[in-house]
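The structures come next, written out as structure tokens.
Okay, so chain A shows up in both of these, paired with chain B first and chain C after.
On to the complex of A and B.
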């Protein structure tokens, strides 16, 4: 289940990677901005895609905590089990 | 010290009657119209249900935007501007700046009137639905006026001034002179200049409501735009983008660039909405003054102007514009320069008009042709009082123009006139 969510998240992240960053570079430990070089303005678009894909709602505090792929997965787990 | 010479080394265009330089050139030479019936305007019960919109081929945008940039892209003016701007840059043989450092000597002036109206509409629906949090990042950069220069600036990596000008329908022509001034001042070696305007009902509705668009040609779109004609019935709304790379002659020669034509000079001014001028009507004294200062600033005599590309929108004001050209240059009859309006073929592209028409004007000089006027076999009688009919060609003719004057006028009583010259070293 957790692996499945990770794969879904990866397909979302893929759309926002700079052209010179491969999807293979993404791991659960990756930091969106400092390691994957994702434009910080696009973090909000990732959040919107996550909301649509998992049918959940992320609050401002959730976004602030979402620095790495693992952070995002933890937030998704929390929302889905709530 | 003599002012440096400034030349045009690249052209790009996204016009209702041709996307890309080759298609556009052919359309202009052969008089192919880009004005078509619009089912959307009919559905919305516009009086005028025709328009000039660029037709973009499937998958074309993949060559201009990354997949990420294409996500949620809903700003037609931005799309047209990027296509024209990148084409002009490429046509000039200029590279994209390397990843680490911008090209400090290259800048951008790319104007618009209002950008991303459709994207803004998307946002407004979400906002009114108390859903601000769902706007996403595109709600800012696709809607800010300078979105177009910002997108192009990042794609090309320009490190000089990157800005957007806005002066209603003079925008495109004014931008060329802003960039020209910057090169003359030695502050930049080359500038990408252009302008763009969105398509669609939200852009054009205001003009329809002002009753200044033709409403009797919905079944006959290609005959609707009739500049200089006695039967002119209003301007046909249009959209698109035009772009030019202008640079110092020294830079062009050093790069071994091809040269289309030279920018000899020009002028911008305003009638101050005084005298006969108003928010929507030109002050003729200002128009005449603008043309005269453009000629003087270019170091030529008025009689040397052998071709005019007018603003000439196909309203009742066309005859007045011709009278103003005639007074400004002190030329009449067979001495009057060849004159044409391209709006007969693609309508009035508003903020994009000056740049698309400047691209076509430069093509005329480069090809040694005057593109034919359309829909004006019945030239307005007041125009014939000033201009011999042989100077208003109805089909494309061969004429090696040495000096072409191009002017644009806009709401707010603003004027711009640029003088292009055939290049010889």
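On to the complex of A and C.
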């Protein structure tokens, strides 16, 4: 289940990676901004896609906590079990 | 109603302010106007002996009215203490249909697609004074209230 969510998230992230960052560079520990070079506008796009894909809604505080791929997975977990 | 309290918050000035009026604004969108003054310097070079308003400035006009004015309005709705707007355009996709000549007045209408987590995305249209569609597209930017 967890792995499945990670794969879905990876597919979303892939659409917003800069051209010079390969999907192979993405790990659960990756920091969206400092490691994957995703800008703040694209990070919003990722969140909106996550909302659609998992049918959840994130708040501003969630966004502030979402620094790494793992953080995103934890938020998705939390929202789905709420 | 005039919307001077929004225009006065715009972080632009001559020669790069492309908003004269706001006709209507609410949480879903905005309509505003601008007249491209015939004596603007860029007409000397775009194009040589054939002055036409550059597409980048039509885009800029759409962004200042459609994104920034609307963004300021939305931020003001959210919070009372408004300091200064910080803005960065993050993407633009525009189509240009007819030229805008010196002295023409254009009208920009913008409809909000979403405003979430500081990102405002809008679909914009610009019409000339004859009501002909000049350009249209989608613009997004990051907008926030800059404290201090």
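In this text, the second predicted complex is superposed on the first by the 82 of 82 C-alpha atoms of A that agree within 3 Å, B and C clash if a C-alpha of one lies under 4 Å from a C-alpha of the other, contacts with A are read in each partner's own complex, and residues count from 1 in each chain.
Keep in mind that, in the parts below, a contact is a pair of C-beta atoms (placed from the backbone, for glycine too) under 8 Å apart; a residue touches a chain by one contact, two chains touch by 3 or more.
Note that the coordinates shown come from a computational prediction; the quantities given were computed from them, not determined experimentally.
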Determine, under the contact definition given at the top, whether A:82 touches first (chain B), second (chain C), both, or neither. neither
Please work out whether A:1 is in contact with chain B alone, chain C alone, both, or neither, and reply first, second, both or neither. neither
Look at A:16 in the shared chain and tell me whether it touches chain B only, chain C only, both, or neither; answer first, second, both or neither. first
Intersected contact list for chain A, partners chain B and chain C 41-42, 44-45, 48
Contacting residues of chain C [partner chain A, same complex]: 88, 90-91, 114, 116-119, 140-142
Once bound in the complex, which stretches of chain A touch chain C? 39-45, 47-48, 60, 63
Quick check on the complex: what are the chain B residues that touch chain A? 66-68, 71-72, 134, 136-138
Can you check the complex and tell me which residues of chain A touch chain B? 15-17, 19, 41-42, 44-45, 48
